[in-house]
Each structure stands twice: as C-alpha cells, then as structure tokens.
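So, here come the structures, one by one.
Two complexes, one shared chain (subunit A), two partners (subunit B, subunit C).
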Partner chain A sequence: MSNLKKPHVTVMRSQLSRARGLGSGQAGVGHWWAERASAVALVPLSGWFVIQVFRLAGASQPEVAKWGARPLNTTMMLSLVILTFYHTQLGLQVIIDDYVHGKAHLPAGLLMKGIVFLLGLFGTVSVLKLALAGSSRGRIAAG
Partner chain B sequence: MQDVRDALYVGQRSDGTLTRRPMSPHLQVYRFRLSMFLSIANRAAGVAAAGGSALGLCWISAAAKGPKSFSKVQKVTGNPLGQMLLAGWALALVYHFVAGIRHLVWDSGYRFSKKEINEDGPVAVGVTVGTTLALVAGILGVAICRSRKKAS
Partner chain C sequence: MVEFRLPKNSTVGKGRIFTAAPGATNVKNFRIYRWSPDDDKNPVVDTYEIDLDKIGPMVLDALIHIKNDVDSTLTFRRSCREGICGSCAMNIAGENTLACLKPIRDIEGDIAIYPLPHMPVIKDLVPDLDGAYAQLRSIDPWLKSDTLPPPDSERRQSIEERAELDGMWECILCFCCSTSCPSYWWNGDRYLGPATLLAAYRWIADSRDEHAGDRLDALEDPLKLYACRTIMNCTQTCPKGLNPAKAIGRIKELQLERKA
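And then the complex of A and B:
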C-alpha cells in the first residue's frame, strides 16, 4: 500500500507515446452525428405515429390490415421501425462503452447489435407482410 | 502490462518531479440535483423505450399474421396490467423525446448555462407528465368509445 501513496511511474511509456496513444478514438464524431440525425428524423415520425395510434385505438385486425396496406403508411412505418432500431443500437452502444470494460466490451457490443438488428428486421418484415398480404387479399376479395 | 489509465494517473510537475493527479469525485459526494436525475433518467428511459418498442413489434407482427394472433395481442392491450405496461412505455418514450429535444437544443448552443438548465428541468418534468397523461387518457378514451360503438 505504501506504493500507492508515493507517486511513481509503473508504465514504461514516454510522454510522447502517451499523448499519441491516448488521444481521441477518431470515430466518435460519426457516431455522434448519426445519433443526432436519427433523433431529428424520429421527431416527425413519432408525431405521425401518435396520430396513427389515435386512429387505430381499438381497431380490429382487418382495419389494421387495411391501414397497413396503404403505401404511405407502409413507407412511414418502415422509416419509423428502421430508424427506431438504428437509434436504439447507437444509444445502447454508448451505454456499453460506458459500463462494460475489458474483454467483455467487444462481445457485449456485438451481441447487442445482433439482437437489435434481428428485432429491426422482424419489424421490417412484419410491416412488409402486412402491406403486401393486405393488398393481395383485397384483390382476391374484389375478384 | 499495467492498465494504461494508470499512466494518466501519474503526472509530471514543471520541475520534473512526479505527482499523483487528483481523482475525480464520485456520485456519493454530490448533493442530489434534479439535473443529475434527469440525465440518468434519459438513459434509463431510452433503454425502457427500446424494450417497449421490441414488445410493440408483437402488435404489428400479430396484425401481419392474422386475426387469431391479433386477438391475443388485444387481450394484452385490453387488460389493465397490459395497459399499465403500455402507459409505462408511453412515459419512457415521452420523457426520452423531451430530454432528446433538450439535448438537441444544447447541441445547438442554447439553454446550456447552469441557470438555464436548472430552470428547464422542472419544465421538462411537467411537460413529460402532462403529455403522458393526455396521451394515455386520450388513447384509452378513443379505444373505449370505438369498442362501445362496435358493440351497439
């Protein structure tokens, strides 16, 4: 414990190498901008979604299917799902960077990315299925 | 190899002698401030909103699957426990939205002084609570009215 009290150098690195090696991570700006840009895009998309929730509150499955088959709704829902899970991945990455240190850092980040990717893909497929199945069912019913 | 952070902990005075740098104080030495709670609450709300969105996928995927799956989801959304979960999701989303707007304002260089941040904190809480209550009551009201109309 006496070691801790007296200042001493335990790492054989020059001041120059410390300054060089412990600088910025270089890739932070892109991540920061992506987080902000997706957040800004999610503002109008969230507003649109709240209106849709009011329109669909208490709706039956055929009503939701009819709503989901409209191209504008499909476009907005796809944007919402993709950007939501993209923004989620960016945010959770920051949390992992802050709290998970050492060897667990990389696998934790990869696992999180895998889960969020699959969730986003599941949402995308669901929106597309609702859109495409709805329109074909309408055609069969009409014909 | 030692932890590289240890290298930063030992500094050099201008006369060349070594000195241990001061350690930054941690949570327990600070008096509780609203801003510190709102900061970590934004992170927690982000995680909660993400979890809720993952559950929200059940709704859209059930609608895509068919009426049978959709009625299962409707059992959850019609249940008080499920509605409490939905209200919690709404609260997390609304707060993350409000705090996110504040972050965008700060990033643009506005309202970032200590005084302004302390002024805006209670406003953010009020807006969050008010919007969440209005949303939950409104959506629940519309859903109830619509199901009554269908029943009659």
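And then the complex of A and C:
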C-alpha cells in the first residue's frame, strides 16, 4: 500500500444529514413580524418626537419639564423609548445570528440584550423622572 | 465568527499569461481562476489573450476555445450551451451567471472569471455543490399527495392554479442565486438559500400538492428560512430572470397567515 500520509477525516456524516441538521426550530415568525411591526410603529412616533424637539427649541427648563409632565407626552415618549430599544435588540440579534457562530453565539446575544435592556430602562426612568418631577409644581417654581 | 479574509491557502496569486497569436487584431483578455487539488499550491489567475474574431459570441465559446486550442488543463462544467442545464454557472466580471448566456461584448475591458463564490472548489471553475444539492433534497422537491390520481387521467389544475407556478418551474438549479447571497455565505450550513427556497415554494404553491403545512413546518426556522435578509442579490443575479426573493417573501407571508 501507499505510504502517503492520508489526512484525518473528522466529518463523514452524509450531506443530507448535514442539510437536515437538527430539523426546524419552529421559530422565527414572531421575531420577523415583531421586527417589522415595531419598525412601522416607530415611523409616526419618531416623526412626532422630531416635531416636539423643534417646538421645544430654546425653551427653558421649567417649560420642558411642564411639557414632559403632560400624560399624552409621557405616553408618547415611553412608547418611543420602549419600542426603540425593543427594535434595537431585535435588529442586533439578527446581526449576531449572521456574524457570530459557535460557542460565542449565546453569550454574545445575552450580553447584547443585557446592555440594550439597561439602556432602555435608563431611558424609561428618565422619561418617568421628567413626568413626575413636573407634577410637583411648587418645587420647580421655587427652583 | 464570519470570515472576512481568505484563508492563507486560498489567497490568489499571479499566474501565467497565454499571449495571442501574432497578427490577432480583436484581442480580449480573459483572467481565469485556476486551482488544482493535485499540488499544494495556492490558486492563481491565468491570463488568456483571445482573438475574438476566431470564436463565437458567448463567454462559454471563449472557455471552450481555450480548452480546445490553448490550454487543455482548464477545467469547467458545461453541457447544453443554451441556458437550460445550469452547468456553466460561474462568476463572470463579478456577477454570477451562465457562461453560455453571457455575451462577451456586454463586458468592458478584461473579463475576470471565477467559480461560484464561497463554495469549496473541486478544480478551477468547478465548485462543490453537494451541500446545496442535499439542501434541495431536504425540502422533498416532489409532489406529495394523499389523494390518488384519477385512474384514467392526469391530476388536473385550473389555468389559474397552473399560473401560480410561473416564475418557478423555469428554475434550472444553477445555484447562481444561492452563491450570490451573503446570508448563504455566512450561514450556508443552515440557511437553505434562495434556490432551495424557490423550489420549496414551487411545491407549496402547487394546487395538486397536499402537504403545504408540513412543508411550512419544515421551513419555520430562524436560519433555514429567516436568515433571508431581503438583500435581493438572488433576484438581481438570476440568469433566467426569476425572482427567488419574491418566493421567499411569499413563504414568510404564509408562515404569518397560518399563525392568526
């Protein structure tokens, strides 16, 4: 027989077995739809926010606090912040699915979701602080 | 992680230059990827100066001329030379297409010819498509019906039902689309790719097939189906002018429809 060194073969599983893999994960529809629904919802919310920022340009701190204390504005701001960060983690998960393979995939997703969750929570708390600070009228007037 | 650079043994070097015969007036340079499994050398790009007056109008004519008259070691697949077998799918001037359907005069300057991107190479312009064929096999690309056909006739379809299959039955499985898709490059082990998903929808849409639900079950996966990011390279590159992206979109619509 030939004394040529044969390369060690580690995968002899059939191509069909590899193609079928572990079968269907029975998931993906929800993520796909949530990505699109949140994107559509963010269009009017972002437009509203841009208009509000222009309207508030040059306003004083008490005027902005008063604006932020209105229930409608608080509702819109909370919707915007929560949906933005929800949409962000959906989108970043897609990027991680595309580019991070193997053992790093799960921790990368968890790390990303943790960071986005904290940022979103920070935004939410900030909106709430503005909303609740505005209600204590006397304190603002007293400075 | 995704590979942004070629592995060391895949970096492409400069190859030989085959000059045109003296007196040739209508010369075009064909720069062709060469790699052989028989030595340990890296791939190279050989340059062939071809007199266009001596050959037919298509890129495949140039390749056949090179193999017959210039360099018989050049290896590529071809069969029908009229765009129906899908054998001569390759990357020509940066675009996946069929060499037999690509006119030389449509390409300005030198013509770079590489195998279909991001597939293992068997030799020169011949890619290993075993994985892609197995993925096609995995979606059961045949009619599945529990109702027996009429004993004395074929299974019938209305004209409207038959029209649903237009734009899909024409696929010749050249895999130009799948190998043009970045999602397939990065996740080709799990993402089925546009060619296979087009074939899957062809059977989901067939009025004679009775297993659309099973087929949708098998596709409902974050990567098998949803690794499609609607990049649309598939539709742009299809040498038969088909629209795999639309078929994938229809599968996603049906996945949503059956949830509500």
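By our rule, the second predicted complex is superposed on the first by the 113 of 143 C-alpha atoms of A that agree within 3 Å, B and C clash if a C-alpha of one lies under 4 Å from a C-alpha of the other, contacts with A are read in each partner's own complex, and residues count from 1 in each chain.
By definition in this document, a residue touches a chain if its C-beta (ideal position, glycine included) is under 8 Å from a C-beta of that chain, and two chains touch if they have at least 3 such contacts.
Only a predicted model underlies this, so the values are computations on that prediction, with no experimental measurement involved.
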Partner chain(s) touched by A:Val40 [first = subunit B, second = subunit C, both, neither]: first
Touching partner for A:Leu16 - first (subunit B), second (subunit C), both, neither: second
Subunit C versus subunit B, contacts on subunit A by residue: B
Which of subunit B and subunit C A:Lys129 touches, first, second, both or neither: first
Contacts of A:Asp97 with subunit B and subunit C, given as first, second, both or neither: second
Which superposed partner A:His31 touches (first subunit B, second subunit C, both, neither): second
Which superposed partner A:Gly68 touches (first subunit B, second subunit C, both, neither): first
Subunit B versus subunit C as contact partner of A:Thr88, first or second or both or neither: first
Footprint overlap on subunit A, where subunit B in one structure and subunit C in the other make contact: 15, 18, 21
Complex contacts: residues of subunit C adjacent to subunit A: 1-2, 130-131, 133-135, 137-138, 183, 186-187, 189-190, 217-227, 229, 252, 255-256, 259
Residues of subunit A defined as touching subunit B within the complex: 7-11, 13, 15, 18, 21-22, 36, 39-40, 43, 46, 50, 53-54, 57-62, 64-65, 68, 77, 81, 84-85, 88, 91-92, 95, 116, 119, 122-123, 126-127, 129-130, 133
Subunit A to subunit C touching residues, read off their complex: 14-16, 18-21, 23-29, 31-33, 94, 97-101, 104
Subunit A partner contacts - residues on subunit B that touch it in the complex: 1-2, 4, 6-8, 10, 12, 18-20, 43, 46-47, 50, 53-54, 57, 60-67, 70-71, 93, 97, 100-101, 103-104, 107, 135, 138-140, 142-147, 150
